[in-house]
Structures are given as C-alpha cells and as structure tokens.
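Sharing a structure with you now.
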C-alpha cells in the first residue's frame, strides 16, 4: 500500500476572537491508498478544519499557516488557486454532514451531478446526463430517471446523502473526504450509507478520510483511526489497536464513556403505575388554507403503555416514528385526538386549562436541545425558580431550592446568576434537569435529552440521571433513538414504528430476544454493534 | 450588555451615525437657547446667502428669516414626528403581530387580512389622504405616519413569534404552568426585541422622510418650522437661492443617514451571527 | 397545487380585499371636510346657493350618504367607477387615460432599480470588506436617506437647467408630432429624470438587500458543495448564489412594484408627469370623491396584481413553492 | 402681421371643462376664451369694443340696450350664429347656469330678437354697470341648436366645445395639454394669425418657470408662476412682460375678518390689525414690488375709486395702543391663508409675524382648497385671505361683499365677514341704479370713506399679475381681460 496523501506539520490559524489561536497545530498523518481512515474527536477538536484545509475550502479569515499536504507529488497548500480547483471534485471529492443544506434547493439533482463534469470540462452534455444517470443507479437511488429530475426537497435525508455521494464519485477521485456524512441520519439510514461508502470505496479503490465523532461508526468501517483533541492528534493506529488497546488517556476516556450494550438485569416492576396511557391517537393535519390540499400525518396510532413508580421506560424508534409526539402528548403540549392519559389515575385530558396549569407540576420534561430550551434572556436562577413561583411557592424559598438543585446537578452556586449562553452544552443540560426537578414532579419525560451532547458529556449526564432517579425515586420516560443509550438507563423499552408501539418489554428481552421484525432491523443497524458487544464482554 | 456595547462600538459607521444623531438631538433640545427668537421671525433682508452677514451663518430665506434657526427648530419636529409615530406604530404593530403569531387560527387570519388590507393601499397615498382628512397638524401627521407604518411591524413580530413559539423554552415555560400572556410577554416578545429595535430605528428614519414629503406637498403643520416645509417653501426660489432648499435637504439626509447607520450597527451588534457575515 | 388554482385562490381573496378597500375608503374620503360642489363653485369666482345646489344635484351629492354609498358600490361591482366631477368624464376612462403614463414611469424606474440594485449588490458582495464595497454601500445608503423630491429638484436644477441635457417635465414634446423612433427617443428623454429619481431610492433598497442576501447565501453549505465540485467562482456565483439570493429580493420587489404605481405622487408632481399619482393628489384637493376612490381602487388592484405576479415568478424560481410543500 | 406659428401657454390648474357657459373658473376662461365669444370686448380702459356685436345703442335713460350683430358669423360646426342664439344664451342657458350673470339679469325685464341680427335687452330700471356684462366670461354665447331642450350639464357636446371664436377645440390630453387649432372660417379676414395653440398643464410652479426658460412655452399668463421667478424671468433676454390685461378683474387681495365673534368682531381690533400689518413689505418682498397697497374696497383700477379715505400705514405702536384701548386679552386668532401657492402661504406667515409683534397670538390653520372653501362657507375662521375680482364696476364686483342681504352661509364670495351696515346698504343700492355718473361717484366716495373707518375686511393689495411672454409674440394682450380674451389678434414675428 502506498501513500495517497501525506500531511506534515499542518497548522491552521483561527482569526482573532476565536476560542483558540489555532484550529489544529503541528499535526502530521498519512492517508494510504485504498484505506478508510477515520478521524474522531469531540466537537471543536479541529476535524472539519483539517478536511477543509485539504480541500482548500477554509472559511474566510482561517488560514493554513504552516505545513504541507503532499498529493500526487505536489504540495496542495502551495498550489495556485486554479490548480487546486482543478483537483477538487476531480481527484479529491468531499461529502458533508447536512444533506439538506448541502444541495442547492433550486437545482435538479441531475443537473447538480452533471455540473461536476462541466466544471472539469468532461464529456458532452448528453454524455454527462448519461453518466449522472448511471451514478444515481450506482449509489442505490431508486428510479434514476425520476430522481435525476427531482429537486432536493423531494428526497429524503438518506436519498440526498446518496445524491451527494454520487456527486463526489462522479470523476472517480483518488481521495474521498467525508465530514460526518451520517450524523444527521437515523440509525437504519446511517447503516445503509455506511454500507454504501464501504462498497464504493472497495469498488473504486479510493482512499477515504472519514470524519466522525461516533466510535460505533469507527468500529464499523475504519481501517485506521486518528484521534484528535483540541487541535492535536493524540493517538493514531489501526482500528483494532485504537479500539481495543487505546494508548492515550483521552482515547480511553472517550471509549469508556460510550454506553455499552451490556444489558442490565431486569428489575421486576412491582409498584403501581404513575402514568397510564390508553389507546392514544394523534394525527397532524396541516391545513393549507382555503384552496390548498390538507396533509395529514398519523403520528401516534393507538399507543398504550404504563410507567410504574420509580421505573425508567425507554421509547426507541427511528426518526419520525412518533416518539416525541407521545412525550408531548403526555404533558399536553400536543392535544391528542383521542385516548386517555391517566396520571395517578387522574385523566389529564379532562382538565380545564386552569387545572392543567397546576397539574403540570407533576410531569416535567427535559428537552432535546438544552440551548433552545432555555430562554436566552433569563438568568438561570429565574429559569429554574419561575415554575415553582408560578405554582405558588414563595420567591425566597423557590430561589433557595433552585440553588440547592444546582448543587445537586453538580453546578457551582455562581451559575445561578449567569445567562444560558455562558454555559457549555452539558452544563445547560444539567440546568434543564434542575429545572425539571424544581417542580418536584412524579414523572420526568426526557426527549432525546442526551443526543446533542458529546459522548463524554453524554456519559456524565446519563450518570446523573440514573443517580437522581434512584435517589429520588422518580419515574422516567426516556425517549431516544440511540439504542445503546436506552439499554444503559432503562428498565423497560418500548419500540415505536410509524406511530405504533411494535414491542414493549424489559430491556434484556427486547435486546436479546426481539420479537418484532422491526426491532431486529433496528438492532442490526446500530453501528459497531459487534464491536460494542465484544468490548462489553471484554471489560 | 457591555458585550453589546463593544460590538456596537466596533462598527465605525454606527458610531458616526450615533455622533450625528446626538448632535441633532442636542441642537433640537437646546434650540431655544441657541436661537431665542422664533424661527418665523423676519430678522434680516431676504435671500442673504450663507455667511454673508454675521449671526446668519446659513443666510436668510424668502422672508428674511434666519435659516439656521429654522434648521434647529426643524430638527425638533423631525425628531418628534419620527419618534412618536414609530412608538405609535410599534404600539399597534407589536400586540397585533404578537397575538396573531401566538394564537394562530382565525385570530391570525383576521389580523393578517387586516394588515394586508393596509398594505394594499399605497402607503404614501394613504398618508396624504389621512392628513388631508384630519387637517394638517402635528398630531394628525404623526398619526397618519404611524398608521401607514405599522403593518411591517406586525408582520415582523408575527414571524418572530411564530418561530419563537416553537422553541423549546416556550414549551418549558408552559410546563412551568405560566399563563399564555406571561409566556407571550415575558418569554417570547423579549426575545423578538432585537429585530424590532433594528426595524424601529429604520422606521424613525422613514418617518422623518415621510413628514418632510408631506410638508413638501403643503400638508405640513403651518405653525411649526420643519425641514420639509423649508424645502417646500424654498422650491419656488430654487433658481435664485438654491441653498435654501439644499441646506435643509442635507439636514434630512444626514439625520436619516445617521439613523440608518445606527440601525445597521444595532443589527450587527444585536445579531452577532450576521455581524460576522457582514464583514 | 396547480398554478391556476393558486391564482384563482389569490384572486378570490383579492376581490374581498378590494371590496373592503372600497367600503373603507368611501367613508374615509367622505369624512374629509369640504365638498366638490363648493370647490367647483369656489373656483368659478362667484357662486350662489342655487348654483351649488345644482352642482350637488348633478353629482348626486344631495342624496343621503348611504344612498350614495349603495350606488357607488353597486356601480363598482359592475366596473363603473362613477363620474369625475372635476374632470367631467367617467372615472374609469380618466384612470385608463392616465395609467399608461404611470406604468411607463414606475415600471421603468422599477426595472432599472431592480437591475442596477442587483448588479451593484452583487458587485458589492463580491468585494465585501474592500473599499469598493464600502463605496457602493455608502452610495446606496446615501440614496436611501435622501428625500425623493429633493433629489428630483436637484436633478432638474443640474440636468435640465444648468446642463440643458434633458427635459425637466412632461412625458413628451407636446405637439412636436414625432413618430417612430424619434417618438421613442423623445419619450425616453422625458422619462430619464423622473425614472432616475424614482428609481434611485429603490435601487438602494434592492442593492442592500441583494448584498446581504448574497452574503448570507454564500455561507450556505451548498455553496461549499459547489466549491468542492471544483466549479469556478463565476459559475458558483451565477448559478448557485445568485438564484438563491434573489428569492428575498423578488419578494420585496413584488411588494413594492405594486405600491409604486399609486405612490409616485411626488415624482409625478415635480416632473408634471400625467399619471394617476398626481391625479390622486389633484382629486383630493378638489374633493373629487369618485376619482379619488377610483385611483385608490386601481392602485390597490395593482398591488394585488403585482403580488400575484410575484407569486408566479417565485414559483418559477423556487420549485418548493410550486409543489405546495413546506419550504 | 406674420401669419402662422404656434403659441404654448401655461394653464394652471387643469380646467375641469371647457364649456364656458357651465364653468367659469380662471383656467376654463383662459382656454375657452379662444373658443367662445360674447357680444363685446373691453379695452384696457374698460371701454366697450365690438366683438360679435358690431354696434350697439343704449336708449336715453339707460333702459334699452340694442345690439346689432355681425353678419356671416358661423359656429365651429358650420351652423350660422343668429340673434336667437343670443337670446337662448342669455335668457335660457346662462340664467340657469351662471351665478354671476344671474345677479345682473335681475335688472333685466326681457331679452328679445326683433330680427336675426338684432337683440334687445329691456331693463326694469337703469343699471349703470350693465354695459360691462357682455364679456366672454360673463356672457359667453352658446349654440342654441346644440343645447336647446337638453340637460345642459350632461350634454355630451360639453366635451367638444363649439363656439364662434378664432380657435377650435382639437384635442385634450388630460393631465398634459389642450390643443386648439385655427378657425379657418373665422369672420375676420386673415385672422387669427396663429395656426394653433397648446395650453400646457404643468402642475408645479417651478417647472412652469423652467418650461418658459427652456422655450417649451412662450406665454406665462399672470399668476402662473411664483413672484420670485417673475422677477428673475423678466430680466432675461427676449422676455417681455405686461401688467395690462387685468383691468376688468382688478384682483383685490383682502383678508376676511370675522365680524361676528372673537377679537375680530371688535372694530378697534380690526383697525389695529390694519396698522399692525406691513403691507409695503409684503408688496416689496413677497410680491416683488408688483401691485399697489389697497386703500379701501374699490381698486384704483376700477371706476369710482376714491383716495379720500383714512390711510392705514404700518404703525405697530398705534396698533398696540388700539389693542390696549380695546382690552385685548390675548385670545388667539386663527389665520387661514389662501391655499393657492407659496406666495399666499408666505403672506399668511408674514401677517402672523406682524400680529405677534404687536402682541396678538396667532394660530395658522392649514387647509387645502376644499377645506378653505368649507371653512369660509361655514364662517369658521377669524382671518382668511382671499382675492376678489371687481369686474370693472363696484356694483358688479365690490358691493356684493358688504351688503347685509348678501350674508349667507355656504359661499366664499358673498358677505363672508358678516358686516351689516343698513346705512351703507342703502347707499350701495342707490349707487347701483343711479344713472348719473357724477352722482354715483359722490355716493361711492361716501361709501368708501365710511367703510374704511369700519374695516369690515382688511384690504391688502391691488394685485398685479404680469403676463410674461417671449418678445416675438405680438398683440397678445389687447383687452381688459388680457389673455383670457383669446389670441384673436396675436401673432408671432418671424
């Protein structure tokens, strides 16, 4: 195997006012021909910057200040702009994270693919179309004739990502750089895309630099791995080496933080249910106005389950399966069409708005996006104590309790006087938890409460949740699309598909002896499933 | 806050605008000290060019009135009309847009039809008719300008509220048991303030232009000296004394320019995401 | 949803809006002090009660307001906008007489401002941060902040009076009897100053909007994708950035084009342009109710028409809207 | 006289109609004066001259007016003009439509046509001013064959006016211009000299001045541009001007003073006002020196003027003394300027300043033409500017503003101020029907000296509206109504 791309002493300077002076500094690595090199690391560690530097697509004011990247005998960084442009798309292709925004919304898919040929003056227009068509077939998009004339908004996320890959492959590049190409996709789609990249890499013999923060993905596809942190490469080596015998502390910490698939022992549920959901249904009807056709989506289709006191029930399922809608219907942020929601035997749906405002105390929610769920203009203290005060708790008492809770979730007392933007993602999520706890609820609904966080922070928050749940005897409805996370925290798991509850049962049953076909697919799609299991048994 | 100040201060244009505006405000506030006599008083020979006679730095107009005094007193009118009409427009537009965006449904439909209705009539024409009907007076002019300028506010606020009300912190507030009004006015609107403030600064500028246009057409309040009046009155002598229309024109230009610069500065400072792009 | 259905839906709504405008304006305008008979009598230099009563009877102003209203609305529904007291001819004819001049002026100004605004906006965005960008945006800001009528006065002073390059007013050389190309040139010369003054402000608006929109779109991921394909900057700018960046400009322009038709009062006054803006102002001072109402109705209809046109253009540019789906 | 050529005349505002029998406002008269004619014209000394009547006799005692019409006169549509048209016009048409003529026709017993070319007006009583009503704007001849037994106001022919005048209506581009062409069948040989006339509508005063400078128009009728531009334009090369052509109208600027209520109801206040205002300043600065400060109700250009009255010269001290004597308590007075352009606005402002200097507080009221009319008609004002035409004789154009019988709401042209003086009323009435000129003069002298003492209105200025034209335009203004009498005699020097 020879080297496709060799990077020496790369340094990328950030503009004044950025959180550090260099995005990456002094990094050197090689990309071998026909290998998949995974670059992992936490958010902000400089992965994207490195990739962009190689493509010559650094944002304004961000510059390569040092180093060389030798590709086909030439240093990319010292090439003139025109020569670099000639390489882009031709010898080096790239795909990005967000399939929606990475495609021009106003151009047909076919034209966007054909454009690559045009940029490099290959073929006649008719041939370009021909090739675009066959590429679309190659990346596994159905009905190429139709897709070629479709606009991006008419495609699903996975399909768009396939179209992106088709573009990157158009001229058979020697190197493909993929910057988190599956992060925005749900598990099943992610599995398909990873599969596609693997096959294509093999078929075309490309070198792939694959950026991700998910060790599951690494385990799935990587030949070699580079681990980055704060702009440095802390470890590199073959996939097996890094995953199974990590050298650096940071890598070890990262790996340890990954929820393992080791299935907890089932606790028999003994207590009375705190929440009972009976035959819940919800159909979203988007009325288009006077003459527009109405569009209706059945988000919940006859769902029933119970949550016992002190129990953690997980709801899993792929994107759009109706998980959030269930959670929101329980707290009546969404009005269900029919069905009953009994909280300690009291029907939530029968309450007047006035009563509802009081009843809400008992069920609280932790939101997916910790930043969006905090009013940017309110200090943390008032964010936490506002609810209790509204429910009639004296101000001083509410404040005191809020400070106490901040301590409980592991934040220092000074946090009370700060604004949300002055915290990190994990800290914000803790604030969200404190806020939910402030209301002394019986049940907390956590909707994707950890998905937005980096693995290490994710682990901390999960730890906290488990601790609180056990200490305070809370019930938890834990909504997630990440099966590993669910397995770690939950007592029982409910699997949803297209609004229906397809399976519910203790974690071990669902994971080890799934009954529904869908559950099996879901489990199979988890990236690095084998490795995860191995790791779990090894430790 | 200090963060905001530093970001604002980084924008040189905005600082310049602020400087000009402060000058205008100071002149307006201290007009009676600078020129104790009424700006209508005929004090010298007519048609004196600027700097021709001491004490008349900008010369005299068709009746021998001090142009400098007129300019300074005119600043008061422009500022008052600009600020008050903007305030009134905000008072109409914000609640309407907020309720429409928050409640949706028929309230939204009704409010937006109403807004659309006002936007369908060309606004300058409507302002002219309103002033003519109410008879030109400082209050009627201000009111007319407010009436034609609130619809964009309502639309902006509605759009902001629409996007904010889907934000999770609003759900959080709801779960905390807050009433709709408290959610709307305590949580949603404060977060919509930045674009509203930016828009308001530009509305003041537009209102000043509108007032001067109305005045120019002879629909100004005849009891108060305004820049539009000065231009309108000097138009007939533009051939013999061009500076009489030029000077107040420049005054309007500078003030409106200043407000625009401030508006852009605010936009950049209140919206750092955009600020970085602008550069 | 098909284009046709969308247009029909819009038209139905528009009709309701227009009817509301008619009703509101009717009462608004009749609330103004003074009545047309008195104005006409006044102009005649001498009048007695008999004369005024005759005029009132002739115009139907002697009837109770609700009867006048009923008659007027009834007429409007049959496309009869009534009779102009002041101009002594049917309002519809009067407006149709004047509308072409207004359309010529406003559409020229509009087209010019849109074109120049977009071109300069693009130029500024391409040079963002450099002095030429500052120069262009500074110029735009200047136009944006200048009172329109004042520009008009200064333009006349400079181009007509001092330099004698362009006619100062009117829309043709009266009685020159030009035909063919000479006529077109003559019209263009007359059009130059008013269209320019009217257009400058809007040019500034579109310029600023284009610039910021281009800058915003330039940051979008698909532009990066285009770069990753190896496309040249020129193609990226034209094919990817421009089209996306124009969407908000189109929306704004559509809103304004309609407003322009009825809003060119100042320009038409200063340049003696025989359009409906001036007609409106003259009718207002003469309390020529029917004409005033007619002008309002027609300009409102123009606003609506342009909004519908904008929708159509939008649909042509943006496939997402055409499909009726969410953006 | 050179034949041919074209005249471009400014008309402002655009006339509502050209049917002079229905509409008699300034712009209509200006344009329609070329189309319609009357029996007589008046020279600049107000002496009657032949027009459609080639000669006339007034009987002893002044009761019978006999007019001999010109032979061979044709309407623009080719129909012959006869005495029947005259009878129809005066007795039927104008009696119905023409407010000002109607007042004069009160004195007329009968109008008859003994033959096709003779018309006889039989009066009830002697009425000295009667010989002055045969002017085109006052008694335009309208074609009987078109209007007889029709609804005059709605006759479609109103849009294509048909008269006997030297020019025919050709085209009206609304908002832009009116085009008249030479009447080839005109009864005067070789006349008119001009081929065509364009009346140009240019709404902005400054633009009108530019139009004249650029040569787009060659005639600016009096009052069509602001005074400051008059001063500037007449200094230019090849520009001529004349103050003549306004003798018949003798526009007299005055301020209505509300005699019914408020400070202006006090005679001392009104006198104080006369002393407080600086009319010479206004004449010099605002009117650029044109015009004459008025001394009383009758213009010095009108018959029966008398100078033997109290002259109110600018004297603020006297004004202050009078105000003190009256016990003026600072009640603000409202000034309603004439909404006819910047000159009048400036005048209002100047008066406001003058009054404030003597301690009167003033509110300016803004309004447009309609609002102004309404406020005057409703007597809702304290001081209001206007100017009145005198029509050559105090009985026609002056008395109407001071007679108690003329106090009626709704019109801005009668006794708007609400002045009632029975003694003077009797004298005005006597003077109107007094056949002896010397006795009339005496009566009017008395009236003038008494009324000036009372100051029912503030007389301001005998306005002069110079007509400005290019010097190659000849014989443009030959009569007492100037350009309004049409361009019959005008020609352009080649």
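Residue numbering begins at 1 within each chain, and the chains themselves are lettered A, B, C and D in the order written.
What we mean here is this: a contact is a pair of C-beta atoms (placed from the backbone, for glycine too) under 8 Å apart; a residue touches a chain by one contact, two chains touch by 3 or more.
Bear in mind the structure is a predicted one, so any value in this text is a computation, not a measurement.
Colleague: Could you see whether A-B or B-C has the larger number of C-beta contact pairs?
Modeller: When B-C is set beside A-B, the one with more contacts is B-C.
Colleague: Could you state the distance in Å from the CA-based centre of chain A to that of chain B?
Modeller: Chain A and chain B have C-alpha centres separated by 46 Å.
Colleague: With chain centres defined as C-alpha means, what is the inter-centre distance between chain B and chain C in Å?
Modeller: 22
Colleague: Let me have the rounded angstrom distance from the C-alpha centre of chain B over to the C-alpha centre of chain D, please.
Modeller: One centre to the other, that is 45 Å.
Colleague: Can you compute the centre-to-centre distance for chain A and chain D, using the mean CA position of each chain? Integer Å is fine.
Modeller: The separation of the two C-alpha centroids amounts to 88 Å.
Colleague: Touching at least two other chains at once: which residues of chain A meet that condition?
Modeller: Residues: none.
Colleague: Please output the residue numbers of chain B that touch at least 2 other chains, ranges allowed.
Modeller: Within chain B, the residues that touch at least two other chains are 132, 135, 235, 238-239.
Colleague: Out of chain C, which residues touch more than one other chain, so two or more?
Modeller: Counting only residues that touch two or more other chains, chain C contributes 32-33, 153, 161, 269, 284-285.
Colleague: Which pairs of chains touch one another in this structure?
Modeller: A-B, A-C, B-C, B-D, C-D
Colleague: Going by the contact rule set out above, which residues of chain C touch chain B in the complex?
Modeller: 17-18, 20-21, 24-25, 28-29, 31-33, 128-129, 141-142, 144-150, 153-154, 157, 161, 212, 215-216, 219, 255, 258-263, 265-266, 269, 277, 280-281, 284-285, 292, 295-296, 299-300, 303-304
Colleague: Provide the residue numbers of chain C that touch chain D in the complex, in ascending order.
Modeller: Listed in rising order, the residues are 32-36, 38-52, 54, 58, 85-89, 94, 97-98, 101, 153, 156, 160-161, 164, 167-175, 269-272, 274-275, 278-279, 282, 284-287.
Colleague: Show which residues of chain C lie in contact with chain A when the two form their complex.
Modeller: By the definition above, chain C touches chain A via 1, 5-6, 8-9, 12-13, 220-222, 224-232, 235, 239-240, 243-244, 317-320, 323-326.
Colleague: Considering the complex alone, what residue numbers of chain A touch chain B?
Modeller: So the residues of chain A in touch with chain B come to 328, 331, 333, 357-358, 360-361, 363-365, 367-369, 372-378, 386-387, 390-391, 432, 435, 439.
Colleague: Mind pulling up the chain D residues that touch chain C in the complex?
Modeller: 6, 8, 13-14, 16-17, 23-26, 96-97, 99-100, 102-103, 153-154, 158-159, 173-177, 179, 196, 198, 200-204, 206-207, 210-211, 213-214, 216, 339, 367-375, 377, 389, 400, 408, 410-414
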